[in-house]
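Dropping the structure in here first, questions after.
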Amino acid sequence: MSMKLTNAQIAWRAAQDIEDGAYVNLGIGFPEMVAKFQAPGRHVTYHTENGVLGFGDAPPEGEEDWDLINAGKKAITLKPGASFFHHADSFAMVRGGHLDVAILGALQVAQNGDLANWRVGSKGVPAVGGAMDLVHGAKRVAVITEHVTKDGKFKLVDECTFPLTGVNCITRVYTSLAVVDISDSRFVLREKLPGMSLEELQSFTGAPLHVEGDVGELEVPEV
Amino acid sequence: MNKTIATLDEAVAGIPDGAVIMIGGFGGSGAPIELIHALIDRYRKDGSPHDLTVVNNNAGNGRIGIAAMIDIGMVRKMICSFPKSSDPRAFTEKYLAGEIELELVPQGTLAERIRAGGAGIPAFYTPTSFGTELAEGKPVEEFDGRMCVRENWLKADFALIKADTADHHGNLTYRYASRNFGPLMCMAAGHTIVQATRIVAPGGIDPEAVVTPGLFVDAVVEVAEPQQEEAMIRAGVAYV
Amino acid sequence: MSMKLTNAQIAWRAAQDIEDGAYVNLGIGFPEMVAKFQAPGRHVTYHTENGVLGFGDAPPEGEEDWDLINAGKKAITLKPGASFFHHADSFAMVRGGHLDVAILGALQVAQNGDLANWRVGSKGVPAVGGAMDLVHGAKRVAVITEHVTKDGKFKLVDECTFPLTGVNCITRVYTSLAVVDISDSRFVLREKLPGMSLEELQSFTGAPLHVEGDVGELEVPEV
Amino acid sequence: MNKTIATLDEAVAGIPDGAVIMIGGFGGSGAPIELIHALIDRYRKDGSPHDLTVVNNNAGNGRIGIAAMIDIGMVRKMICSFPKSSDPRAFTEKYLAGEIELELVPQGTLAERIRAGGAGIPAFYTPTSFGTELAEGKPVEEFDGRMCVRENWLKADFALIKADTADHHGNLTYRYASRNFGPLMCMAAGHTIVQATRIVAPGGIDPEAVVTPGLFVDAVVEVAEPQQEEAMIRAGVAYV
């Protein structure tokens, strides 16, 4: 694949769908990048599993307070209107459906909305964190990911082969090539890169891409 | 993002007939009298909302607040732990006449069911009420040698809550023991409406002092000098 | 019965068993009187279901703040070290076994520890409050009560006939005539009024009073 | 009533071999480093306590705190959600060598199980982990069209917690995000030991600012200038 979105561009695209006033949890790692591209004029409140609502950017290096971190253990700052709470209240927010959007990374997403993103097999030290909680509860649970793995394997699949994080939980996938919804246990193509044919995109996708109405052009600025 | 609503009338305008409403307060402490009376005003004017299910620890006192809602016929069902008070006539008369339903729930189970509703926990086991008539028909199971009853979460369409300070994002503090059911009901309702003695800009509440984070709150309306239900009852106020 | 303890004396006797440092919940009404007779030199912290720990006496009349009340809706004051919390946390204290002592009133107590104290039948408006929660969780759940009803009916019974508040939950009963433990589903007499014979006491009691070792004299000052 | 203990050594003296210990903190935020190191000192001196089960969100980082406990062989089992860190070698080596057990629990379920332990709720249902390998063998049931997994409460013999301010009764506040699991673990342990940056007389904490009421706390020890785990790791400190 010669043309594809950068990670920053995928994050930018996902950020555009976050509505004004939304409460959002961004998974550790790549999804955290979405905050950088918050659409101008929209007020978004970020939640982190370890008990902070309303945090802002990282502090300048050397000014970190390590009692003020996010779920990725990175130093954060607070915005006006922030609040602290304990872990059970934090996951009450998650599980109780109080977050508008959760955006997660993925190893595999299946056409029925199953997500695998916490381990690739049964070897090594397993570590799940809050992933299995985050996939349940947020009003909209989306994934951002490369469309295929580095060695060309499908990430959008008919059925996950890696251990599951959750079943029937993902409703939208933002990839380096397309925006795909999951509806009635099918992948429904919403946007694709302008220069890529549907056939080519399908060849990178491990389950049928359905088309319902118009397919938009996935146009993202250089970011 | 500013969740402030200008008037009490606007704040309660969207509550439809048949809604399930959690109303904060334990006795008079925490009772959102102005929000309740704004809802009563709406009912008087429009005949709506009616057939409400109201969740509160009690079932009204005297002739104000929830008691007045019951008295004028807005309430179809009460879910509460203690439908008695110093002047319980509103509920008692309707109940004995078969004109209002009652779901009686032990107080701790009521609190826990509301929290569960807000926390996405559909059911839990508790030793409370095992072997009593309030456990009839509920699944039971033994844990660590102790029999427990399974209870389901309780959610609502709306919550009416009295806070002390609110900020524009809906972060809340409460005054003294008026905290009681407020933080739980804010979590368990689809749309939480709060009256606060003062509304401040974001940053006006210490992040460590926030009791209810704003994500649980949808609307705040300032009532700068709120009435206190118990004081009103002692003064003989009626709102029917 | 000519000789018996007054309510204040029953409350006094119950108060003597509350150890230094104890966290205590006193049921609404008669049990609240126990606080008046807290043994000198002991620090006792009182819990009330509506979310206050460490409250003190009622304020002088006219100085009530009706946002600061107990479960009986009576105005209270705070002692240094008090705290406020919401209802779910309050009943976590109750149900979670964090209270050392709960003292309740009773309509009937059965020899197996069953308690009936919330309604006498199926008529009228039922109201349970926190009674069914309080009987579970406190490390020691005791009852204070007249030994028999005003019209001479048993209150210490072989089996409760009124609707139950909880099963197997009471371990000690302080009455106007005696202190009775419940052990292995039997009433075990610990103390009785000095002038009353065991036979007479048994005649006021609806199930056998067992004796294990010495029976103490229930001696209470005029209070 | 004064729950203050003079020294860290005294505070941890009663923890026996085989105990289940909840240790507060998420990463370095809230990690009670001085209490942990006092326990390590005891083990070095007496060979006890060992065969501990430790409950924490993580499984130690670097060569201090929980990682050091694991490294020197005090820990038989970890119950956690994320046994990885910037320097996870202590746990990883023991785990891959089969020398330490792991009970992996989703983070929200871990928090809720601990709260349930403290709140007297023996079991609850959650959608979290349904259909995954972490739900294997657990009862499942459908509620409102959604499949849920039954989880049991989690309790401990001891909790080691880092607070900001404590009073003599054990009332606590926490600093920033170091609150995390602290209030829950205080509830769920038979004996809760707290290190606080300052200990004040009763009345020194606003009753509305108390996060953990003293009834959940058994012992407080002052550590006036506590070390911060993350800062120590970045400074390359080792305690093994």
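Per-chain residue numbering starts at 1, and chain names A, B, C and D are given in the order in which the chains are listed.
Keep in mind that, in the parts below, contacts are C-beta pairs under 8 Å (C-beta built on N, C-alpha and C of every residue); 3 or more make two chains touch, one makes a residue touch a chain.
Nothing here was measured: the structure is a model prediction, and the numbers come from that model.
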Subject >> Chain separated most widely from subunit A, comparing mean CA positions >> reply: C
**OP:** Compute the distance, rounded to whole Å, between the mean C-alpha positions of subunit C and subunit D.
**Re:** 36
Subject >> Interchain centroid distance [CA atoms averaged], subunit B/subunit C, Å >> reply: 30
Original post:
So which bits of subunit B are touching at least two other chains?
Top reply: 112, 115, 119-121, 126-127, 174, 176, 208, 211
Original post:
Out of subunit C, which residues touch more than one other chain, so two or more?
Top reply: 84-85, 88, 91, 94-95, 136-137
Original post:
Every pair of chains that touch: which are they?
Top reply: A-B, A-D, B-C, B-D, C-D
Original post:
Which of the residues in subunit B come into contact with subunit A in the complex?
Top reply: 1, 115, 117-121, 167-169, 171, 187, 201-203, 205, 207-208, 210, 213-216
Subject >> Touching residues (chain side subunit B, partner subunit D) in the complex >> reply: 112, 116, 119-127, 141, 143-144, 146, 148, 152, 173-174, 176, 208-209, 211
Subject >> Contact set on subunit A toward subunit D in their complex >> reply: 48-52, 65-69, 71, 73, 84-88, 90-91, 94-95, 114, 124-133, 136-137, 163-167
Original post:
Which part of subunit A faces subunit B closely enough to touch in the complex?
Top reply: 20-21, 23, 43, 45, 47, 53-54, 78-85, 88-89, 91-99, 136-137
**OP:** Can you check the complex and tell me which residues of subunit D touch subunit A?
**Re:** 26-30, 57, 81-86, 88, 91-92, 95-96, 102, 104-112, 114-115, 126-134, 147, 174-184, 211, 228-231
